[in-house]
Structures are given as structure tokens and as C-alpha cells.
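In the two complexes that follow, chain A is the common piece, with chain B as its partner first and chain C second.
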Partner chain A sequence: MVQIIDPKYKDADYQRQVTARRRQKGKRFQALGIAALAVAGLMLAALLYSIVSNGARGLMEDRIAVEVYFDPAKIDPKGTGELSVMRKFNYDTLVYPTLYEALGIKAKGRSDRDKRRKVKQLIGLGASNQLREMVVREVGRDPISDEAILVSGGTQLGDTVMVELTALSTSANPYTQTLRDLGMLHTRFNGDFFTGVNSNDPGYYGILDALVGSFWTLLVCFLASFPVAVLTAVYLEEFAPRNLITDFIEVNINNLAAVPSIVFGLMGAFVFIFVFGMPGGTALVGGLVLSLLTLPTIIVAARAAIRAVPGSYREAALGLGASRQQAMWSFVLPSAMPGIITGTIIGLAGALGETAPLLFIGMVGFQSGIPLTPVDGTPTLAVGIYNAFGSQFDELKNQLSNSTIIVLLVLLMLLNGTAAYLRYRSEKRQ
Partner chain B sequence: MSDDEIRMSCKGVDVAYWGELAIKNVSMDILSKKVTAFIGPSGCGKSTFLRALNRMNDTIDGCQVTGEIKLDGNDIYAKGMDTVFLRQWVGMVFQKPNPFPKSIYENVAYGPRIHGLFRTKSELDDIVEQSLMGAGLWDEVKDRLRNPGTGLSGGQQQRLCIARAIAVNPEVILMDEPASALDPIATRKIESLIKSLAENYTIVIVTHSMAQAQRVSDKTAFFYAASLTEDDDSNLIEYGDTDQVFNNPIDERTRQYVEGAFG
Partner chain C sequence: MLLLLFLAALLLVTVFAYFAGQKRALSAVRGHSVGRTLSTNNFGLAALPSFYGQRLAYLVFIPPFVLLLVWWLVEPRLADALISWNLPESMAGASKGDLVGIISSIREAAAGKIALPSADYRAAVEALQTLTWVSTTGVYLLLSLLLLSLLILGLATSRPELRARRAVEGWNRWVMFIAASVAILITVGIVMSLLFQALSFFQAYNWFDFLTGTRWSPGGAFQRGYGEEASGGVFGVVPLMTGTLLIVIIAMAVAVPVGLMSAIYLGEYATNRVRSFAKPLLEILAGIPTVVYGLFAALTFTPWLAAGVEALNSVLNLPVIRPAVLFVANVFVGLGNIFVWIAGLLSGLLSGSETQFMSYFTQVQLQTGSDIALAAGVVMGTMIIPFVASLSDDAIRAVPDSLRDGALGLGSTRSEMMLRVILPAALPGIAGGVLLAVSRAIGETMIVVMAAGSFAYLTFNPLDSVSTFTVQINALLTGDLDFGGTKVQAAFAIGIFLFFITLALNTLALAIVRRFREEYD
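Coming up: the complex of A and B.
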């Protein structure tokens, strides 16, 4: 029994004071908490606003519809009819005269030079390629002479064709509105973004290769890390003797999780590419490098999940004469599986957003189309954000970069949502 | 009781955790098809000794068992003894009902499956039915064998665990306070079940309830923890017929304990 010496403890006024002070403290703490939450919320809102406002714009594109006369005198002035000659022409120059005429700009002379430059900014490198492909296409290379194998694109010289081209940097261009009023420029959904592949020309940039590359990379990453991580966790939790070696391994697994990812990139470049001779810049190497990052995440999650399995299952199975392996496979592992899968998904979500180590092993700047296998060179979505932005600031590139971020974030939300759902379901079952 | 057959015999058994004795020099014979109760205050080592009887202590780090425990004349701590077989012969029911997170049927079928005790599905069905009947649970669950075992009431779960234990056809069943987590009615059912099981099995039960020990057991062993550090040569203070231990104890500490003076 505690002796209360100070009589004021029984005083009603004193008790009121203490209660008021305690409530005030509680309120202060609550206010601090709300303030912290508000700051975090504002930051998130700012981030989302920047991404969505830019990214949504990148999902739309401006198109210029223009009649193009494939002038034989310009494309093939000597009249040779050779595809290799036609291929060398800068086709974008065919577009300008029509645009100058529509906008009332003189095609020659000093006075309108700045205006002509503005118009040219609307038409990118991709437009030239698009028009060239209408006339002449490269379908491959001769294995002996290494010369390009060319075929006709279908359009004959002398034809006049209505063509739609992607317009670049339209919001800063003074002629955008005029062209729109003339009915030559309109805005539409940027389908190329989802069906196209990495391109230097932001007008033709797409993420399909990066999307497929990300899929292959995550698949390799999962296949390489999941079995290893689960077996490691099972062994460490259930079978390993407690001694210095296992303690050492345990500490180092946690260390592995703290190593900056770029270090794994350098290591991957050396070990996988130079030592084992795997093809650089591929999903295979990328997945293996990322598996080093996801490994500790999955191991830690799996060990926690295994430890959380009620000991009574194990005991009951052992009491019936099951071996430790049997108890493990029949009860412990199945009960721990939701937790292990949740950890795996979180690990893979981290890998999906990883960029630095992939740049190191050369998963960047590929323009080789959609990777059909894990051993094709490919970027991933996260690298795609970097690719889209490029080395120079450009309005459209910035928008495309943000659009890629949106796609990445949606995928991350799907992954994390799956993890949350699995967690919820396993909690409900218990 | 001179014609009683000895099922398990223990001689000079010590159990230590990290070198610290939990059981000191216990020698006793466990009789076939009888119920033997282990009583004693908390921490006296009765559960530890029970778990030594089917080597469940093997899974605990730092646990060391010395002395000799024989099942039908075979040393269960001998080198060639496989714990898988041992635990098939000496089954166990735990304090808290611990059915597997599987169906009622699968709970009972798990043991026969891992030991390969059947050839056809119908043989397994028979084993499951007989085991559930043996545990007095069949009538209550025969229509919902595919329901999860965890959905049963506490008393039913414990009887499911008993059914699971007898499904592998053991000779001895160890029960570690099997009714301590149950209400009085469920406890009564378990107790009468224990008595009927004794017709076919040797049963060793740890209990905190003096009344339960008196109701179900033929033999009673009284363990006492303080003896571990005192001069006594064992912490098994008294072992004899239940009637004698409760009504006419030899040792003064046994008398005090069964009269409720401490515990």
C-alpha cells in the first residue's frame, strides 16, 4: 500500500487542474500529429499535382495534318530511281512550304527567318523518318556486304498525300493557335505512347518496350530471388544451429539490405557481364542484379512470417511423429505464405522502381524495339522515365517523362494493393 | 496390482536446461493400460518430465536428458531410436487445443498419411471414423468432416486433437493438462473419455486439478521443485496408487499439497 502523504491529492480543485493539464498535453500532441500529417499530405499532393498535370498532357498529342507533295525534283533530282538515293533526302523539308503558305510566311529571304525557325520547331526528326518510310524502307541488312536491304514504301514520287505528323513543343509556339484555327492542327490521345518504343524524337516516343522489359526483368528477379530467399529464411528459422556463423550470416543479410543499389549495379556489370559473359543491357542481367536487392527484403519478411506461425502447429505435427521437414512443409510454410508473398511483392515493387543499377549494366537508350525474350536489350519503366526526359530539358520530353511516371505509379499501386489485399485476407482467415 | 504390465520404465532420469536441473533423478514405472497422473506445484518439472517420455524436448535448445527411459524394454534415447517412430508409439495431446488449420478430416488423417498407415482411401476413411468415434466426437462432426477443425468449440477441438493422436495407433498417450483451457462440462467429457481410452491405451496426464487426478487416474506421481536444490535425491516425492497418494500419503509435503496447503 502506497502512503499518500500530500493531502492535496484528495483536493478536487487540484484534481481538476491535473486533468486540465493532461488534456492540454493530449491536445498539443494531437495538433502536432495533425500538422505532421498535413505537411506529408501537402508534399504528396505537390508531387502528384506535378506528375499528373504534366503527365496527363503527355498522354495527349498535337497532330498536324498537311498535304505533302513528294517532289521528284527534290528527292531524286537526277531521276535515277535508286532507293538508296531517295533514302538520303531530308523529307521534313517537304512539309515546310505548305505550312509557310498557310501561315503567310515568306519561304525565302531574311525578314521571315525567325518565323520559319519557329515553324520548323513544330516538326521533329520523327516526321522526316515517317515520310521517308512512306517512300523507302529498310527491312534488314545484307549479311555479306552489310548494306541495307531497301524496299519501296508504296508512295511514288510525284504523289500528293495527306499526312498527319506529331507536332512538338506546341504550347510555346506562336503558330499553334493559328494552325488550330485553320483546322490543320488538332489534339488527340497519344496512342503512340503505349504502342511505340523508345525514341530520340519525343513525338514518337512510347513505353511498350520499357513495359515489356520491366515484365521480363521482374520475372527474372522473382525467379532468381524467391526460391533462394524462402529456402534461406526456412533454413535460418527452422533448421540452422545457433552459432557464430549463422549470426554472421544474419547480420550480413541485414547489411545487404542497406547497401546502396548502385553498388549492385557495378557488381552486376562486373560479375554477370564481364566474368560470366552475359549479354549486357538485358532483362536477364537486370533481373539478376535486382534480385540481389529484393533478396534481403524477402528473407526478412519470410523469416518474420515463419516466426509468426503459431508454435502449436509445429508442436502438434512433431507430436504426431512428423519430421521437422514434414512439419515445415505441411503447416509452417503454408501458414507463413501470405506473409512471404506480401514481402515478395513489396520487394518486387522496389525492384520495379530501381534505376541506378540498371543504368550501370547498360539498360538505357536502347532503340531496338520490343524485347521478345529476357536476353534482348531493353530499358525498364524506371529507366524509361530517364530516357524520356533525355539530356536536355524539353517541354514534351518532360511531359512524356511524367506520363511514364504515372504508368509506373499505377503499376506500383496495383502491386502494393495486391500485397495489402493478401495481408487483409490472411488476417481475416485467422 | 502385481500382475500389471510395465509399459515404460524410467531409471535415474535427469533433465537439464543449459545445465540447470529441471528434473532430478526420477525413477518410475508406467503401467500398461492405466492412467498415471503427474501432480505438483507450478514449475516442479512435471511437464518437462512428460515431454521427456516422447523426446519432445529434443526440439528445445539446451535441453539435456540423462538416465534411462525404456518403452517396452527399448531405450528411447538410444542412438538408433528414431523420434518419428517413437512419437507414433507415444503420442501427445497439448494443454491448449491445437488443431491444424485444415478440415476436421484432414486433421485426423494427417498422422496416418505421414506414417503411411493405409493403402486405400476407404481404409483412411475407416481410420478417421474410428478415431473420431474413439474420441467421442464422431456423432457431432460426421456431417461436417470438411469443415475447418478450428471452427469447433474448445472442448470439441481438444477431442479432435485426441482423435488425431489415436489415429496413428499409439501405445502411450501423453496429455499435458488437456482440460485446463476448457469449461467444466467439456472437462467432464474429456475426463470420461480418458477413462474409456485407458481400456486400450496407456495414458499419462499432467494436471493441476487434484480432483481431476482423483477422478481419472489409477496411479499418481507427486513432483516438487524445491527438492531440486535441497538435499532430496529426487524431485519425484511420492509415486503410488492414486487412492493411497491422496488419502494416505507417506510424505508430509505430499499431504500438504493434496490437502491444498500450497500449490
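Coming up: the complex of A and C.
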């Protein structure tokens, strides 16, 4: 007789040992599973920590309160009183002497040169514009001579005014803390971030143009993809004959869902901008490119939603004498609408976060104010994140980039939350 | 301007036609004895009144709209053709650059911006002016006439016995079919635009050099002035292939074990409470936009990793460890040098060239740059974890319960059941999922654009900076889009490469998954 079982197993102790070892192995395997989840959780925690800690800083800004003497001898040394002369002056130089004095830095000489540079970094370029606007403002351009039309900003030369300036304080700059201790610097909510537009100056950077641009882009994307997707879904589910063309359409839709988004960007740049001559960098082109990405998503969701409508709806309509199309448009499609809209919202949420295909249609680095129509050049929020991203060492820009991410993630949460709510409601009703 | 006005008018007339069609149909039967016959409904009409409206709306909208679309596509080409027909004979031999200048001056003269440059071009300018008049005024006059006559024709034919519903539903089908064909149109658009540019690239650049070249240096403003870069750049994709491969391997090394183990744990072991927060965790990871991952990789994870490598350096340089590390490393170098020596002996017999030995390590110092391939890869892997997890979950669920029950019934523990029965059975499905994940990783753009390097070094060192296909497409297409330039065309050449690689991977993955599914049915 063939010995199937190793005689060792007849020993109860050995059996127990083996079982214990096998259980031990199972425990280890289970621990691996926990470890995998822990890795995923840790990465997510690190990601969120990085966004929130940097982004929260970008939502606040430091302001320096400083007394500025508008010195006529510096601004208009010849005493001409002409606004065009006053306009040429670098107004930020008015601020430094006061700050040097407060910080105990020598205004001249080699020894304190590094310290002076640090103070200048704190003030940035925007301050000069802000002070200039107080003295002289450009209200427009002469249509014939193209010269700036200047008016007085209200402040007279020789005045001493208390001014608040945005401080570009980085963690590496020691004077932020010193000025705070002196009571000259305080932190407040960064309102410019929500009312300003894309700018190279971190002190005045804002995302309003990107927000409006995202809205236009999503609107175009929705208008371009939703009708086409719903009609396609209806056709494929209900009316398409089973033939080669229909099969080919299905294969194409499946493939489109798998094409890397960067390829859509290449195609969009070539077809929309080069062949059709549409204006680059606009929400129109951006929305059209993104609609190529959302199209498969909405088609798949719409088909599932149409398929989920009970057949009795259709049969009841047909039984009452409706044609197949009447049954579709009046009964099946309206009942499938919650599902279709849920899928559409998820598709649009994806489009809101999409960046790669928008890189090549001229949205990067666009600075032109708030887009009033879809054919104005604009970035979107996601492109804004990339725009603000400078380098590893540009701390302020990176904070703003992270703040933009916070806004984007909040919007995504709202969109996905709406979709989840709609799904929940339609599930409850059934 | 006139275009918008006309479109608005078209829409208004269409809406009007919808109501007029209904009214007309109803008024045709009013006064007659209304009753049901075999071919009519309660209104005495062959279809519901709204179908008469829809029919008329279709009738007035579609022909003018289609004609307008055709004109909009044809007009620019017609302008080019008109100019070249009417150019004087003497211009036949002019160079391409001259022609472009002349054509643009003719256009400006026709628009009235400049005076007529020369009497020779009078014919061309006048032809262009006629065309401009036609495209701004004539076309709209003609289309308005067409619109009106269609409206009248449609109203005249809206008789009660007309089968309006059948007509409308027939058109509806066509509209639906055209909508469905958009998917084909997009694919054709992608392939055509990529091919068009890529083919002109390969006319200027040898495709063999492109595929086998080990140097990628497209040449920018900063690199101009020496060697081949001055003449338009060197495009060899091998460094991009190795770079992409390196990052994809790192990403998969993170995503596959973590994603697979998460799926197994969530499907087999997790209590409902664990599942209720672990599932959303994976969903959040999946829902975060890639640009966010990119920023994290570039600004946070890369410095962390660099700090980690520094720490590792100091550990490796501890008194006992340092000699051990040097010893192990130099043993490998020594083994390699023996190999080099043998190879040198062999080739020395043939060619007599000198052998180059590898130098031995004298210090332990891992070096990182400002961009680290490992960082981009790990973050990309994190992004793909939920993708792998959900596909593995599908594959594991597809294994019939009878296998599970059988294994447990024979006395195996749950981990043995998982490792020896379920996973082998689910392996093809998981492999398909991994292939899909690889294709996603290859096409992923933002993470590598922001966190991997822009210089394409030919290296496999994960602590170095490497470049990928997508990074280079972005680098080549940033700035002015010059569709005639080699750089832009090179981007499209990589694009088509990328398109077909991902297409092949997806097809392969779907084929594997499908085959696997059939096994238990």
C-alpha cells in the first residue's frame, strides 16, 4: 500500500506544529495586506499634508505697514510737476530707508549688502506699482498717438502716507519675524488670491481668471460632448443594426477611452488650431479637446443607464401604440436621465482636473485678465497649478500652486458629491 | 459678425418653422369633419401635430446649415486657388519665400489695408475681392433665399395625409448615426493628424536613426551653435525608451504589489469597518488629478527622497558598514573586470584594441540630482494603485466560488486558498490589468513633466534624472507652434509611437482578459 501521508503526521504534536506554522503564514499574508493598505494610506496622507500645509500658507499673506514719504527731490528732482516724469520713478526705493532704519541695517556700504538684498526680496516688484498708482495712474491710451493718458492718483509729492504692502516673506527670510516682532508686519487672509488674475508677481497672484476659464471650458466641453454622447448611447443601445459599421463604432469608442490624454492634446492642437484656425489658448479649443476625453465616459454611463431602465417601460409605451422612437424619447430616456447626468458629472470632474492635453493649445502662461467669453485666452484651474509651479526653490509660487490645488479639490469634491447624491437618490427611488 | 447674425436668424426661423408647421397641419384639418380613419389620428392627421412642426424645422434648418459648413471649409482653399490662378505668368518661377510674401501683400491689398503693389497683381486682387464679397454678402443672400423657399415649400407640403412622423424619425436616425460616427471621426482625426506631421518628420529625418539613435537632443535656443544641434537637432528615441521603461518599472514595482495586496485584503480579510474607510481611500487616490500628483512629486517627494538618500549615505559610511559596502561593490567590479579581461583577450586576438577596465570604488556616496526618476516613478505608482486594485478585484471576483469552497473544504487556510488556488486562476486577469496599468503609466504626462528631467540621459540609475516620451512631447510643443518645424513634427512622431504602443498594450490586455473569462463559462 502506498503511504500517502507522511508518517510524521501521525504524531499529534507535529501536526499541531505544522498547523501553527500554516496559521502563522496566513497571519503574515494578512499582515502584508494591511501593510499594502498602510502604504496607500501613508502616500495619501503625505500628499494631503503637503497640499494643506503649503496651500494654507498661500491662502494667507503678509502685509507690511510702513510710512512712506513721497520725496519730491527723488521722484521729480527738477520740479517739472509732469505726471509722465513721476511715472518713471522706481517707487519701491521710497520704502527701503524706513525699513533699513527699523531693522538697524546700514543704508550704504558693503558690509550690509546681503541684508539689504534680503529686505528688497521681501518687498518685490508689485509694491512699486502700488505706490506709483497712488501718485499717477494710467487710465487709457490715446487712440492716435498711442500715448498713455495719465491722471493724478490723489497723493501729492511731499505727502507722508501710511501704506500697506504685500510682503513676499519666505521661510528663509529672517526679517519676516523681526518685522513681525516690531509690529510692522501682520498676516491676513489673501483676498487677492480669489480676486486677482495670473501674474508673475506672487504677491498679486490670483485664480479668478482660471476659475472663470474653467467654467467656460467645462461649459464648452459639456455642450460639445453631452448631446453627441447621449445620441450615440441611444443609437447603440436601441436602434443600431448589428453590422460591421456598428461594431467598428463600438471598437472606436473603447479605444478612445484608452488613448493617453496627451495624444488628444496633439490632435487638438493640429486639428482645431492649425487646420480650422481657431484661436489658441481659449476655452473654446480647450473645451473641445476635453470633450474628446469625456465623450467615452458619458457614452458608457449613458448606455448603462439606458440598459438599466426596466423593459416594462418600453413595452408599455409600445403597447399603447407609441413608435420605438417615441418610447425612447418620452419614456426610457427620461427615466435614464439621473444615471446619465451622474456619469456626465463624473466625466466633467475628470475634465476639470485634466491638464496634459491643454498644455499644447496655448493655455500655459496665459496672462490677459478675466475671460469674458469662451473665445478669450485663458488658463483653467488645472493649468493654473502648472503655471504657478516654478521650481523646487520658488517657495511662494509653490504655496500658491498648492492653494490652487485646494480650490480644485474642493470643486472636485462638490462635483463628485453631487454625483454620489444623485446616484443615492435614484437608487432609493427604485 | 454676419455669420453670427445669420446663425441666429437660422435658429429663429427654425423655431418659427416648428410652430408654423404644427399650426399649418392643424388648420388644414380644421373645419373638415374630424374623425378617425385608418390612416389618421383624432386630429384627422397622419401624425401628431408636433411631428409636422419637427419636420418643417428639420427641413429649413439642415440644408442651409450644411451648405454654410461646406462653404466655411471650402472658402480658405478657394482663396488660395484664386490667387495662384490669377498670378501673372512671370511669377511661375518665383521661389517659395517670395510667393508667400506676394500672396500676403495681395491679401492685404484686397482687404484695402495697403495700395495695390503692382499692376501685375490687379487680376488676383480683384478676384479675391469678388470672393470676399461672395463670402461676406453673396452667400448669406443666397442662403436666406434658400431658407425662405424651403419654408414656403415645407408649408405647402404639410398636408394632413403627409406621414410626418415617419419622415422625422428617419431623420432622427440619421442624426443619431452621425453622432455615433463622431467616435470614428475622432480616431481618424487622431491618426491622420499624427501621421501627417510624423510623415513630414520622417522625410527630413531617417526613421532608422530615430528608432535606434542613442542621443536625444532636439536643440533649443540654448544649445544652438555647435555640431548637429545647430542644424536642427538629434532625435534618437532610445534614451526616451529607457527613461520611460525605468519610470514605468518603478511605478509598477509600487503599484502592483500594493494594489494587488490591497485588493486581496479588502476582498478576503477586511471587516466591514475597515472596508468602509479603505475603499474611499482608494477612490480618493483615483480621483486626484495628475497635475496634483505632479506637484507633490516635484516639490515634496523629491526633496524627501534626496534627504533620505543623504541619510542612507551617512549610514553607509558608518565605520563597520563602509568597508563592507566597498568590499561588496568592488567584488562586483572585480568580477566585471575579469569578464572585461577575457573579452579583451578574445577581441585582442581579432583587432588588437586596448581593454578598458572599470575603476574600483574608493568612496561610498549615492548621488542625486534635482530630478530623481525614483520619485516620479513612486508617485506615479501611487496614482496607479487604485487602478490595479480595482482590476485585480474584478479578476479575483471572476474566479468561481466553487474553487474557493473546494480549497477551503480540503482544509487549506485562507492564505493557502488565495495563494495556491485563487491567484493562479485569476492570474491572466491580473496580468491583463497590469498591462492596462502599464499603458496608463506610459501615457501619463503631468507627473513626469513636473518631476522627471527634461534632459534625456541614457541611464538606468533610478537616482538619476531621466526623460520620457511625454516629457519630450511637452518640451517640443511648448512655445510657438510651428507646424512646419522639425521639432513640432518630432513631437507628433513620438505621439504616434505612443498612440500605437498604448493601443497595442490595451488590445493585448483585453484579449488576455477576454480569453480568461471564457475559461469558466
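Methods note: the second predicted complex is superposed on the first by the 389 of 430 C-alpha atoms of A that agree within 3 Å, B and C clash if a C-alpha of one lies under 4 Å from a C-alpha of the other, contacts with A are read in each partner's own complex, and residues count from 1 in each chain.
Here, contacts are C-beta pairs under 8 Å (C-beta built on N, C-alpha and C of every residue); 3 or more make two chains touch, one makes a residue touch a chain.
Bear in mind the structure is a predicted one, so any value in this text is a computation, not a measurement.
K.L.:
Could you look at A:Thr195 and tell me whether it touches chain B, chain C, both or neither (first, second, both, neither)?
P.N.:
Neither chain B nor chain C is touched by A:Thr195.
K.L.:
Quick one: classify A:Asn252 as touching chain B (first), chain C (second), both or neither.
P.N.:
second
K.L.:
For A:Ser312, decide between first (touching chain B), second (touching chain C), both and neither.
P.N.:
A:Ser312 contacts chain B only, not chain C.
K.L.:
Could you look at A:Asn90 and tell me whether it touches chain B, chain C, both or neither (first, second, both, neither)?
P.N.:
neither
K.L.:
Does chain B (first) or chain C (second) touch A:Thr187, or do both, or does neither?
P.N.:
It touches nothing on chain B or chain C.
K.L.:
Of the partners chain B and chain C, which touch A:Ser152 in the superposed model: first, second, both, neither?
P.N.:
neither
K.L.:
Touch test for A:Ser323: chain B only (first), chain C only (second), both, or neither?
P.N.:
Touch status of A:Ser323: both partners.
K.L.:
Quick one: is A:Leu236 in contact with chain B, with chain C, with both, or with neither? Answer first, second, both or neither.
P.N.:
second
K.L.:
Between chain B (first) and chain C (second), which, if any, makes contact with A:Ala35: first, second, both or neither?
P.N.:
Once the two structures are laid over each other on A, A:Ala35 reaches chain C alone.
K.L.:
Of chain B and chain C, which one touches more residues of chain A?
P.N.:
After superposition, C is the partner touching more of chain A.
K.L.:
Using the superposition described at the top, list the residues of chain A that contact chain B and also contact chain C.
P.N.:
In chain A, positions 323 sit in both the chain B and chain C interfaces.
K.L.:
Over in the complex, which chain A residues touch chain C? Could you list them?
P.N.:
22-23, 25-26, 28-30, 32-37, 39-41, 43-44, 46-47, 50-51, 54, 227-228, 231-232, 234-236, 239-240, 248-249, 252-256, 258-264, 266-267, 269-271, 273-275, 277, 280, 292, 295-296, 299, 323, 325, 349, 352-356, 359-360, 362, 364, 382, 385-386, 389, 392, 398, 401-402, 405, 408-409, 412, 416
K.L.:
Which residues of chain B touch chain A in their complex?
P.N.:
Those residues of chain B that touch chain A are 54, 56, 59, 61, 83-88, 91-94, 96, 98-101, 110-111, 114-115, 161, 164-165, 168.
K.L.:
Going by the contact rule at the top, pick out the chain C residues touching chain A in the complex.
P.N.:
Counting only chain C, the residues touching chain A are 76, 165, 169, 172-173, 175-177, 179-184, 186-187, 189-190, 193-194, 196-197, 254, 257-262, 264-266, 268-270, 274, 278, 281-282, 284-285, 287-296, 298-303, 370, 379, 382, 385, 413-416, 418-419, 436, 439-440, 442-446, 449-450, 470, 473-474, 477-478, 481, 483, 491-492, 495, 498-499, 502-503, 506, 510.
K.L.:
Residues of chain A touching chain B in their complex?
P.N.:
Touch residues, chain A against chain B: 242, 310, 312-313, 315-324, 326, 330-331, 335, 429.
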